[in-house]
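Presented sequentially are two complexes of subunit A, the first with subunit B as partner and the second with subunit C.
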Partner chain A sequence: MSDMTELDKPIEVDNELRNEIRRISQHSRARRATVSKVMIALCAVALVVSAVPLVLLILQLLEKGIPVIDKTFFTTLPSTPSLIAPNATGGVSNAIVGSIALSLYASVLAIPLGVLVGVYLAETETKLASSLRVIAQTMAGAPSILMGLFAFSFVVRDLNIGFTAIAGSFALAVLMLPVIVISTEIAVRGVPNTLREAGLALGAKSHTVSLRVVLPAAVSGIVTGSILAISRAVGETAPVLLVIGGGFTNSWKPFDPVSALPLTIFENAKSEWPSQRAQVWGVALVLVAFIFVLSLSARMWASRKQQVRN
Partner chain B sequence: MSLVPAELVVQDEREAVAEYNSATVERSWYHYVLLAGAILFAAVSVGFVGTIFWSSLPTWLHHAGTLLGGKGWVSPAGPFGGLAMIAGTLETSLIALVLAVIIGLGTSVAIVYLIPKRLRNVVATLVELLAAVPSIVYGLWGLLILAPWMESTVNPWLNKWPFATAIFGSPGKEFGTSLLLASIVLGIMILPTFVAISREVIAVVPQDLIEASLSLGATRWQVIRGVVLPTAKIGLFGATFLALARATGETVAVALVAGGVANAQFHLLYPGTSIAAWIALTFGEAQGNEIAALMALGVLLMLLNFGFSLVSRWMVRRQRLVLERV
Partner chain C sequence: MTEIKSGAAVATSADIRGATAMQLRDVAVSFHGRTAVRDCTFDIAKNRVTSLIGPSGSGKTTLLRALNRLHDLTPGAKVSGQILLEGTDIYRGDVTVTELRTRVGMVFQRPNPFPTMSIYDNVVSGLRFNGIKKKALLDEAAETSLRAAALWDSVESRLKVAASNLSGGEQQRLCIARALAMDPEVLLMDEPTSALDPIATLRIEELMTTLKSRVTIIIVTHNMQQAARISDDCAFLLMGEDRAGELIEFDTTEKIFNNPKDSRTLDYTLGRFG
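Moving on to the complex of A and B:
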């Protein structure tokens, strides 16, 4: 109570001092406000600066890509321009077929195993599980060229399979695996425990609950993760560069050499023929469009499922 | 896949789920199927590290010194010196990191505090879509659009500054495709990675800290500098290291825009190369010892990358602990 009375006393300040204090505080406040405005403006500038190259990239991709895409682009095999026919680039059907085949085989290799491991990580708490979790997270960020080195050493050389689609799919599968494992684990953990408990309370065995209750509930997350993994794999150049052999035919066979869209870009970007350098923009546009469609549809599908559940 | 590490996403249901599962899942056939999958995955990852290391063994046994410190790379007979690639990797990644962190921090702050809430999800989706653009496309853009522009406009301009020759190299000897262009392209590429995490880390700084500071009369910038950034510090370092891990491992974009010359030099406008880019550029023609040397470069790359991403994850985990304590 005595404090209150202390505070209640009027403070005696002489006017000069009060004005001085007010002046300084206003000055400091004005300065702080200016600094704040400048710094916030700089942040806005940073936002614009970071957007500019990305917007430019997309615009130039559209501007240069659209003119070179026509029917023959999709349906014919590539040909090498010559002095007589400097514009005879042909199409890139081999790369389109190759890219689809590679991601198909890679999915077949990676998705079942990835889902198994993801469920294992979510449903058990062993030492193996926690070290696999760290391994999956580390592998998910590993440089993709290393997958190429692995596929070369193991599939091409040690198994003596040669430069084939299956070697490329193996590299891409190793790339996709950790992504699928992580997203499956998150999806399975996201299933409410009440669902599991309801199943167990009805007398179902735990594997029945896991297979018939938990997995169906987690399936949208698993599918989303798998699609995103595919969309990442389809754009990767480095792993397939070393092992698929760059075939010039429309081959679906796993033991044939194939080409791929990113590989075509890598090889033709430095071409001496202007027509081939121009065509590369079309390949890049098709690739980016394909990846955007894949990841956007995965995202939309996931959010719609989420709404249905809610 | 979301760019946010699993640590930020996985809920704490882990123990609860595991508790009753370990009692019931074990000993059924289902458990053994899962276990078999897990063991296969472990085998794949051990094979991944083991095969690359095994293939590089001849180089480590006989030419380790040359690989780590040698200057020339002579195909196909050797010697295979890795100094140019190691220096190029560190040089380009660090410059790219400085660019990406400065611009990325501002961008994250702007996304969290300046953009209206309704637009924030749109921006986040855009950032993630841009992170999904394959690196080869950035490389193509850098090679066909940026490189000519660097050559005609940027390089002459940079050379007007004092000490330019010391940093950038002699005028007339530089190229459009250079270490500097590689750094810029890398910076643009790792920017979405950095922003995705730093945005997340900044957004979860507790609101009451911010309000307390505002109520004391702090301006917006003082709140950001004095409260938000210090609270988010460790997580931001985590994002930085993740971006660094990405930058060191980036392959084809650097292969296209760095010039692809194995010169151990530090002038930014001269062509150079990085470990990953050099593997991509030379592996197709390589035989015998050169393959082993490239595999050894791959081992170095793996060590760098795994090191950076372990540090990054450790930091993001520490950040969660910091937030729990606040």
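Moving on to the complex of A and C:
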């Protein structure tokens, strides 16, 4: 009751105190404004400094890459320069076809499995789920050459499949899997619980709710995560280095040896012919453009879905 | 105390209210051994609106969610006592949880249509989840339940449009239609108008009054005027000394608001606290 009676007392106005408060707060406001300006300036400097290497890289790529790219660069197979024709490098169509084929097969292997595991991790609380999560997180940090080594000993040797596109896709799929699992889990966890309850309250079984209510609601995050996984895989050299056989044909067949853009960079950079070393910049530019388009489409997909929800 | 109170409540209800849809016998819900609500014994009469009122923390929503076993998935949640639906114990009888939820539907606090589905797909989603694929059947159920939810006229021409394009009030009526499509015996409504403006609220209230001839309604509400306006029976819950909610009084709404047995009920309905 004591606080009730206190409420009845009139509030005394202390003008001196009020003026003191105003004076101090005005002073500190002015100081904060100065600190704020200095900090913004520092941030701007940091931004410029960190952007410099990226801008230089892109400029160099464009400067050295564009001159070696023409129509035959995309459409013809590579050839070996000779003393008579030192600039006869041919194109890199085999590497472009190979890279697309490798990421395609790797996606087919990794995305359905990764999405299902991710949904399982997000929707259940079992011991299996927590150990799978630890495995996925560890795999996400594993060096990519390990995937190549694993694919080499398991697919190429043990299964006796040989140096093929499918062996490279297997290595890339193992690399993509944790990225897809983790991004799917995050996307599925982000689906509001009220939607799950709405499904359950209609008499749906929990796996029905997971697959028909939660999964569609999480699709934008899953697609974004998958595209980012593909764009990481397509630029990897180490996993495919040991297993795809460096094929010199435009083969889409999973059981043929293929080449890949990063592998071509790796091989041509070691060439004794200046023309082949110059070609590396063109291949790098194509690879960067490929990854840029993939990332851009992932971002556009994510923002489009966001707008639909809003 | 509790024995006498609940005994009296059951006696009055049996006299004047006709058939019973659900019976609660000494129902309590606890989370990790901590009681959230207890001592709930009363009957839900068929084709009437029963409201659960009380201040925050009195366990209204917790009790409501026990009625369609929505606590099943909450780790550490335990429901004790008996909840009977047409005489069968819903926790121990031979009714499966999915079957129970098709018979006891639910509408939530915030409209929660499935965002990736169209209006039509939302309404028939429950039927589809339960394995019904026949187009003619789904079409009929969609029209009947949208009509019952007073939404058919405004959405008839745009059934394929995403449900998220509807206004908040329309979305909530869509959720009611979605629940009605399962043809439930009981409809649980957890503060269904708390996220809506007054006009949308009024339309939902009107809807409840017309729907009760078809389905028994149990509604949780913070709004006492709403409870007085639309409910026939009323359960008043209050948080006890140990912060667990308990049933204080159950009777017809008329008695709870005009002539309650417990002084705390009177204090609450007069707005002296809460």
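One rule holds for everything that comes next: the second predicted complex is superposed on the first by the 260 of 310 C-alpha atoms of A that agree within 3 Å, B and C clash if a C-alpha of one lies under 4 Å from a C-alpha of the other, contacts with A are read in each partner's own complex, and residues count from 1 in each chain.
As a convention for this text, a residue touches a chain if its C-beta (ideal position, glycine included) is under 8 Å from a C-beta of that chain, and two chains touch if they have at least 3 such contacts.
Just so it is clear, the model here is predicted, and its values are computed rather than measured.
Chemist: Could you tell me if A:A44 is touching subunit B, subunit C, both of them or neither one (first, second, both, neither)?
Modeler: In the superposed model, A:A44 contacts subunit B only, not subunit C.
Chemist: Should A:V219 be classified as contacting the first partner (subunit B), the second (subunit C), both, or neither?
Modeler: In the superposition, A:V219 contacts subunit C only.
Chemist: Examine A:S144 and indicate which partner it touches, taking first as subunit B and second as subunit C; both and neither are also allowed.
Modeler: A:S144 sits against subunit B, while subunit C stays out of touch.
Chemist: Is A:A201 touching the first partner subunit B, the second partner subunit C, both, or neither of them?
Modeler: A:A201 contacts subunit C only, not subunit B.
Chemist: Which of the two partners, first being subunit B and second being subunit C, lies in contact with A:E125: first, second, both, or neither?
Modeler: both
Chemist: Should A:V293 be classified as contacting the first partner (subunit B), the second (subunit C), both, or neither?
Modeler: It touches nothing on subunit B or subunit C.
Chemist: Which of the two, subunit B or subunit C, is in touch with more residues of subunit A?
Modeler: Subunit A has more residues touched by B than by the other partner.
Chemist: Report for A:R189: first if it touches subunit B alone, second if subunit C alone, otherwise both or neither.
Modeler: In the superposition, A:R189 contacts subunit B only.
Chemist: Where on subunit A do subunit B and subunit C both make contact?
Modeler: Comparing the two interfaces on subunit A, one with subunit B and one with subunit C, the shared residues are 125, 200, 205-206.
Chemist: Taking the complex as given, what residues does subunit A use to touch subunit C?
Modeler: These residues of subunit A touch subunit C: 125, 192, 194-195, 197-206, 208-209, 212-213, 216-217, 219, 308-309.
Chemist: Which stretch or stretches of subunit C touch subunit A in the complex?
Modeler: Touching subunit A from subunit C are residues 68, 70, 73, 75, 98-102, 105-106, 108, 110, 112-117, 125-126, 128-130, 162, 164, 175, 178-179, 182.
Chemist: Can you name the residues of subunit B that touch subunit A in the complex?
Modeler: 1, 5-6, 9-11, 13-22, 24-26, 28-31, 33-42, 44-45, 47-48, 51-52, 54-55, 102-107, 109-111, 113-114, 125, 128-130, 132-141, 143-145, 188, 191-192, 195, 219-222, 224-225, 242, 245-246, 248-252, 255-256, 276, 279-280, 283-284, 294-295, 298, 301-302, 305-306, 309-310, 313
Chemist: Okay, in this complex, where on subunit A does subunit B touch?
Modeler: Answer in residue numbers: 32-33, 35-37, 39-40, 42-47, 49-50, 53-54, 57, 60-61, 113, 116-117, 119-126, 128-129, 132-133, 135-150, 152-154, 158, 174, 177, 179, 181-183, 185-186, 189-190, 193, 196, 200, 205-207, 210-211, 225, 228-229, 231-232, 235-238, 241-242, 262, 265-266, 269-270, 277, 280-281, 284, 287-288, 291-292, 295-296, 299.
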